[in-house]
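Below are two complexes that have chain A in common, paired first with chain B and then with chain C.
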Partner chain A sequence: MRILRNLSFWIAVGVVVLIIAYGATGGAIRRETWFTVLLFVGLASSLNILLGYTGYVSFGHIVFFGFGGYIGFWAIDTLGMNLWLAALLGGLVSALLALGLGLAILRLRGAYFALATIGILEAMKALVINIPALGGPNGMELNFSVYRGYGGAATALWMVYWSVAAIALIVVITSYIVKKSKFGLGLMAIREDEDAAEIMGVVAPRAKTWAYVISAFFPGILGVLFFFKQGIIEPGSAFRLQLSIEMLVMVMLGGSGTVLGPILGAGAYQILRGTLLTSDLELLGMKVKDIQLAVAGVLLLIIVLFIPVGAIGWLRTRSATLRRILE
Partner chain B sequence: MIDQLLASVTDGMLVGVVYGLAAMGLTLIFGVMNVINLAHGPIMALGMFTVYLAYTSLGLNPFLGLLLAAGLGLILGVIIYWGAVHRVIDAPHLSSLLSTFSVNMIIIGIGTAIFSTSFRNVDYSLGIVTIGPITVPGTRFTSALLALGITGLLYLFLYRTRPGKYVRAVSDNRTSAGLMGIASNRVLALSFGLGTMLAALAGGLIAMALPFTILSGGSYELKSFVIVVLGGLGNPIGALLGGVILGLIEGLVPVFTKITWVPVIEFVLFVLILLVRPQGLFGAKQ
Partner chain C sequence: MILEVKNVSKVFGGLTAVNDVTFDLPEGQILGLIGPNGAGKTTLFNCLNGVYPLTRGTVTFRGQVLSGLPTYKVADLGIARTHQIVRPLNELTVRENVMVGACFGRENHKLGEAEEIANEVMEFVGLAARADMLAGSLNVAQKKRLEMARALAARPYLLLLDEVLAGLNVTEVSQMLNTIRAIRDQGVTIIMIEHIMHAVMNVSDRIIVLNYGTLIAEGSPVEVQANQEVIEAYLGDPDLAARLLEEERG
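Up next, the complex of A and B:
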């Protein structure tokens, strides 16, 4: 347990705990805002294991969130399965899906891999639309009485908040452990130069597949929790390419390949979006809240062009002390 | 049944050629600079709106509006290249994917604020063309012919003119092209502009046949991805054939099964081809 002696570990965990505590201590509206942040901390940190450590750009990562969510939702709705079991089931089927897909598509590199992940997302969405058991194009809706088993809707909302918070924390800890492990070193070697890594003895296909599986497992769980809270799931909201790309943006914003980056990226992105959506400012005769997407686009462009390492990545280049405490 | 099949095949081919034109824009950019332009869809949507606005506000014939769309597409592409792509052209793939996606966000963000997301259509008809047992709308027929014509022009440009030769040279080897005295940055900007010009043109052609919103470009962008993979990334003529294949799938599949299976087949095919023949159906073995 050498990790427990690292200051950088406690900083990463501390930031997540602070977010959880802040979100839990201000009533329902604040909780909802920070619920979304925590959800994306979990999603972005999962993606980071594949994107940041291994260097594979998954453009359709939300497929695991949607697929896990769908299977878990179906289990709750038709089998009457307990939420916790369903969440675990959602995570496991997503991980299995990643295992199967990974063996095939992780052979592709660069742009080809990115395109394949988009194709898989769209194929899955189109497939679900054609499966009547999953509700087809209309999706499924939970019977309201389901929430009674969890102490009523109000209690269930808190319960889901704490569960998502716990998963976010677990993802961040996993992400840290992976980064510090021999397995993680292998992943980063693949990111720098896959051929060289293989020559040095990294079994790249296996390592990549495991990275893919881990990065799919948690989004599957989060999907079940999220759609349980929504009470409704449909193909459009479960497999949204836009959301997938927002995950990438969050990772980039904070710094890909760092543990802390996706946490701060998720927080910053959500706060920014919330601020823009409620802002009364005007820009060139247009209300900022109407063009919030464009404003976010300009910011993203500036970051990609000028600070491609992200906020934490940039801080880490500033001093040796920062490099030690910000992982 | 035969009549229905024939009609579906014709319809599919006509619309497929236009899809192919759009995909050609995407594949040209990828072939020359290894960048996947994620602003492709919104630029198609801008092409749609250019034709629409030229027709409704200026009373311009949609086919003249296309010229306008082409010009604007070219200029916009050159601007996007210098603003968003030039700096990241040698960076890892993620950078150019995200920078072109941010252009996508900017266009969609401003576009939805100006045009809202309600449906528009260009109410313009050229009557009906009848060939034997088949009848198709005149605009659709003319669109397909135009798309073929534009492909021919692109081919002539690439293989029969000096700037076209520069584009091919830079695409083959940017460093060597630079050493031979070709201003490769300018050629890259031109290539990007040509790619977006084709996207805008295809958008304009689609606008004449189907209703659209500012967000419509997104689904055509996905179709373009499928097509470029079918035809081989970076292969313009392959893109045209890929477009026809996609059009045929869209035309024929609904004859036999539910139309909702079309995207499943398209995207499964897409992933399979990436895995089995990443050079595309018509590409040479690498």
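Up next, the complex of A and C:
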């Protein structure tokens, strides 16, 4: 494998491994913080394959996290399916959903595609609310006894941590491989100029659909793991537009189209969010709820206006050495 | 015949941009496509490689009818083109740009092979020194060469060149003409749209002339230069002034 000889590959993998190790070695509270970071490393890196490589902005990408999570949760709850199988099932149905959607909406470009993705997120939410088998508006709850099958709740929490860590690592490796492949070159050609890419022979409809499918598969798996850990799933928490936008901020912050960017973006944003959520920030004598969203908005504005390439993208423009080792 | 164009028309709303154009192209020739601004030359290119669906007529390439095929299928069959208004993939390096041509063009190479072809082609068109620069940072002449390199990396049977000489200085033009001849000598058939007359007359085996979407003349460079209709299309009616004067006197 040529990739294994690249320093940039080991740097990207190394950063994720460091995050995993740090989160695993400081007790439950630290683990919970870094669990969220790893979850978003996986989500942001998945989104990056569509957003960063292919140039299609998806505002509703959390739909795959929610939908996969729902199907996996349902399989565990009602079919008594094993978690690993359910996670795979969640990934596959999300990928399938992306395949179907992709054929329909990937014909749209620019703002029209972005708007369609929001519409799909809301439509899926409305659909799930109306399916009694999935718990309707109230969602579903896991019977606590389920965790006994995994060595009790405390062990299950660790198990989910390691699973999410593994998936995050796999997503990052996949993202690297895609970027360095012929398929990835085609995606980036589409990002730069879709018509010119097609004239050079890139089969854009097929390439875009595959990018969409891959970027939906991993969030589906992560959704199942996440909601298994929560023990409860409901439409409001599974299909949250806000999370979708935060994913976008993470990718843009770190550098869309780079492998390392979404990792660092997810880390930085989560730390920022944690700090803001636990601070006693008051505005005009009132506690401010969800202040991190306001900060995210301002951040996005600053990035788009001044450093559209994001932190890693900016570093890459600084020197040829950095360009070689930061991918 | 590598290319047979039969009764091709392209109509946009009420405007007929290409009107009933018919011509054949034998393999290994350079065909010059000339005509005043707005004559429909680029539109004809867009009809040949699938950017626009034809309103009427057929295009047959190496025995296969192209009508209705998307651009990437046409590329796959062995037609590559350059754009009059350059379309570099800005955020990719020059090498990556050229590799796209080799990877997804007629020969569908793997990345490793594509890189070798890209290096060869960049050497050939004189871009080797800029291989690792971002395509967006090239100047116009270099971008024109990049367009050419990308098209060549696909190893096409037929190359469509859309004003590759425009905007180049005298030295660059003669370099580019040498490159074009060298490509022809490798066995690639070429259609080139060009406004620089001495260049296109010099390099073409045959020339066709479009005016208002209609093919008004066809033949060797010498024949076309002597053609009354062609002169009128470019310069207006040479006898018009004399006739007007006579009318005034009379």
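Everything below uses one rule, namely that the second predicted complex is superposed on the first by the 311 of 327 C-alpha atoms of A that agree within 3 Å, B and C clash if a C-alpha of one lies under 4 Å from a C-alpha of the other, contacts with A are read in each partner's own complex, and residues count from 1 in each chain.
We take it that a contact is a pair of C-beta atoms (placed from the backbone, for glycine too) under 8 Å apart; a residue touches a chain by one contact, two chains touch by 3 or more.
Nothing here was measured: the structure is a model prediction, and the numbers come from that model.
Asks: A:Glu192 in the overlay: touching chain B, chain C, both, or neither? Say first, second, both or neither.
Replies: So A:Glu192 only meets chain C here.
Asks: Return first, second, both or neither, reflecting whether A:Ala311 touches chain B, chain C, both chains, or no partner chain.
Replies: The answer is neither, since A:Ala311 touches no partner chain.
Asks: Applying the document's definition of touch, where does A:Ala104 land relative to chain B and chain C: first, second, both, or neither?
Replies: The answer is first: A:Ala104 touches chain B but not chain C.
Asks: Once the shared chain is lined up, is A:Ala75 touching chain B (first), chain C (second), both, or neither of them?
Replies: A:Ala75 contacts neither chain B nor chain C.
Asks: Of the two partners chain B and chain C, which one touches more residues belonging to chain A?
Replies: Counting contacted residues of chain A, the larger count belongs to B.
Asks: Would you check which partner chain A:Gly201 touches, where first means chain B only, second means chain C only, and both and neither mean what they say?
Replies: second
Asks: Between chain B and chain C, which residues of chain A are contacted by each of them?
Replies: none
Asks: Which residues of chain C touch chain A in their complex?
Replies: 49, 51, 70-72, 75-76, 80-81, 83, 87-92, 96, 99-101, 103-106, 108, 110-111, 114, 132, 150, 154
Asks: Under the definition above, what is the set of chain B residues touching chain A in their complex?
Replies: It is residues 30, 34, 36, 83-84, 87-88, 91-95, 97-99, 101-110, 112-113, 218, 222, 225-226, 229, 233, 258, 260-264, 266-268, 270-271, 274-275, 278 of chain B that touch chain A.
Asks: List the residues on chain A that touch chain C in their complex, please.
Replies: Residues in contact with chain C: 181-182, 185-186, 188-189, 191-193, 195-204, 257, 320.
Asks: Would you tell me which residues of chain A are touching chain B in their complex?
Replies: Touch list, chain A to chain B: 51, 55, 57, 59, 104-105, 107-108, 110-112, 114-116, 118-120, 122-123, 125-127, 129-130, 137, 241, 245, 248-249, 252, 256, 286-287, 290-298, 300-301, 304-305, 308.
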